[in-house]
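If you scroll down you'll find the structure; I have some questions about it.
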């Protein structure tokens, strides 16, 4: 019954998503010994203006050094 | 204080959502003995290209048998 | 495919949980026209020391007026 | 390694978000003694039609008394 | 920056978890072209009494046919 | 209505949590112009064996260089 929620920056193509969920599902089945039908994956497209690391939005330029 | 997050395929009408949150809130109050004002529900509209089961995106056709 | 995550204070009995998930599932099926098998519910037991409203942990006493 | 997910009504400007993640990151570093680079924050813009309290969607008018 | 949250039934050994996160990280890097250090994975151990499908807790026996 | 979920390594004292939620709530009210009572925060204590970065569980030693 593993259920995945994967947050990633928006902009990935459907083909990227298709390959990602296929590969993750195979890997999970091999590693945990579960069946493919028991694996659910929800992708969450996150805008760069909605993700911050170190207090800086990813939509903002990195400070010059 | 129950807080719900409900992921469902996008495309539901506001009327569907209105009826769902009303019914869920009533059911929760009856079952857990809490007051309506303590029940928060957040709905998450998920695109079919962002949900996979068995390694297949729900936006893709089912394989022929 | 609705998937629920419900955060509630820890301490509910299994019987409470059983009645809650049964009632929520019925309500969802009636309201959205989905089948029971498509409804997944994950309950999250939250300690009172891990939930705050208005800046106060629920494990702390309310301030006297 | 604190990771935040903050759900808030949609409509905040990028400047509001910038100030929020900056302030939250500083506060977290001061309070927990972690470094800014270890703090990740994901903002989730929620439509008013997707959030309910007391069984009422926030996009619907409050009932007259 | 992909961030995973994976809910699975409790009871997996640390070795199972180690192999899972290693395999998922490799797969993600190959598929999305990101670096390992950018992949965060949080595992959520869920008790069977806290997960329901079709209105039945997984801690309860399946109904006889 | 901002609702926070904060995942952090387990082991923080209640006093740490008390100070964190107090500070975060103040900061949020000042930054977004909301009232304290509208801010909910849920803390999620994560075991080091349940969090991985770069494919390595935080409960495992860093590889020697």
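Just so it is clear, A, B, C, D, E and F label the chains in written order, and each chain counts residues from 1 on its own.
Convention: a residue touches a chain if its C-beta (ideal position, glycine included) is under 8 Å from a C-beta of that chain, and two chains touch if they have at least 3 such contacts.
Note that the structure is predicted; figures quoted are calculated from it, not measured.
J.: What shortest step count links subunit B and subunit E in the network of chain contacts?
T.: So the least number of steps between the two chains is 2.
J.: Interface overlap for subunit E and subunit F, more than half of numbers shared or less than half: same or different?
T.: different
J.: Among D-E, A-D or A-E, find the interface that matches C-E: by residue number, over half of the contact pairs should be common to both.
T.: Equivalent contacts to C-E are found in A-D.
J.: Superposing the C-alpha atoms of subunit A on subunit D takes a rotation of how many degrees, nearest 5?
T.: 120
J.: Please work out which of D-E and A-E is bridged by more C-beta pairs in contact, and write that pair.
T.: Pair with the higher count of C-beta contacts: A-E.
J.: Indicate the whole-number Å distance between the mean C-alpha point of subunit C and the mean C-alpha point of subunit F.
T.: Once rounded, the distance between the two centres reads 21 Å.
J.: Hey, how far is the Cα centre of subunit B from the one of subunit F, in Å?
T.: Their C-alpha centroids are separated by 26 Å.
J.: Between subunit D and subunit F, tell me the centre distance in angstrom, where each centre is the average of that chain's C-alpha atoms.
T.: The separation of the two C-alpha centroids amounts to 14 Å.
J.: Could you say which residues in subunit F touch two or more other chains, in rising order?
T.: Answer for subunit F, listing residues that touch two or more other chains: 3, 7, 24, 40, 42, 51, 53.
J.: Considering every pair of chains, which are in touch?
T.: Final set of chain pairs in contact is A-B, A-C, A-D, A-E, B-C, B-D, B-F, C-E, C-F, D-E, D-F, E-F.
J.: Note which residues of subunit F are touching subunit C in the complex, please.
T.: My answer: residues 14, 17-18, 21-22, 24-26, 36-37, 39-45.
J.: Would you tell me which residues of subunit E are touching subunit D in their complex?
T.: Per the touch definition, subunit E meets subunit D at residues 3, 40, 42.
J.: Tell me, which parts of subunit E touch subunit C in their complex?
T.: Interface residues on subunit E, with respect to subunit C: 7, 46, 49-57, 59-60.
J.: In their complex, what parts of subunit C are in touch with subunit B?
T.: Subunit C reaches subunit B through residues 1-9, 12, 16, 19-20, 23-24, 27-28, 30-32, 51, 53, 58.
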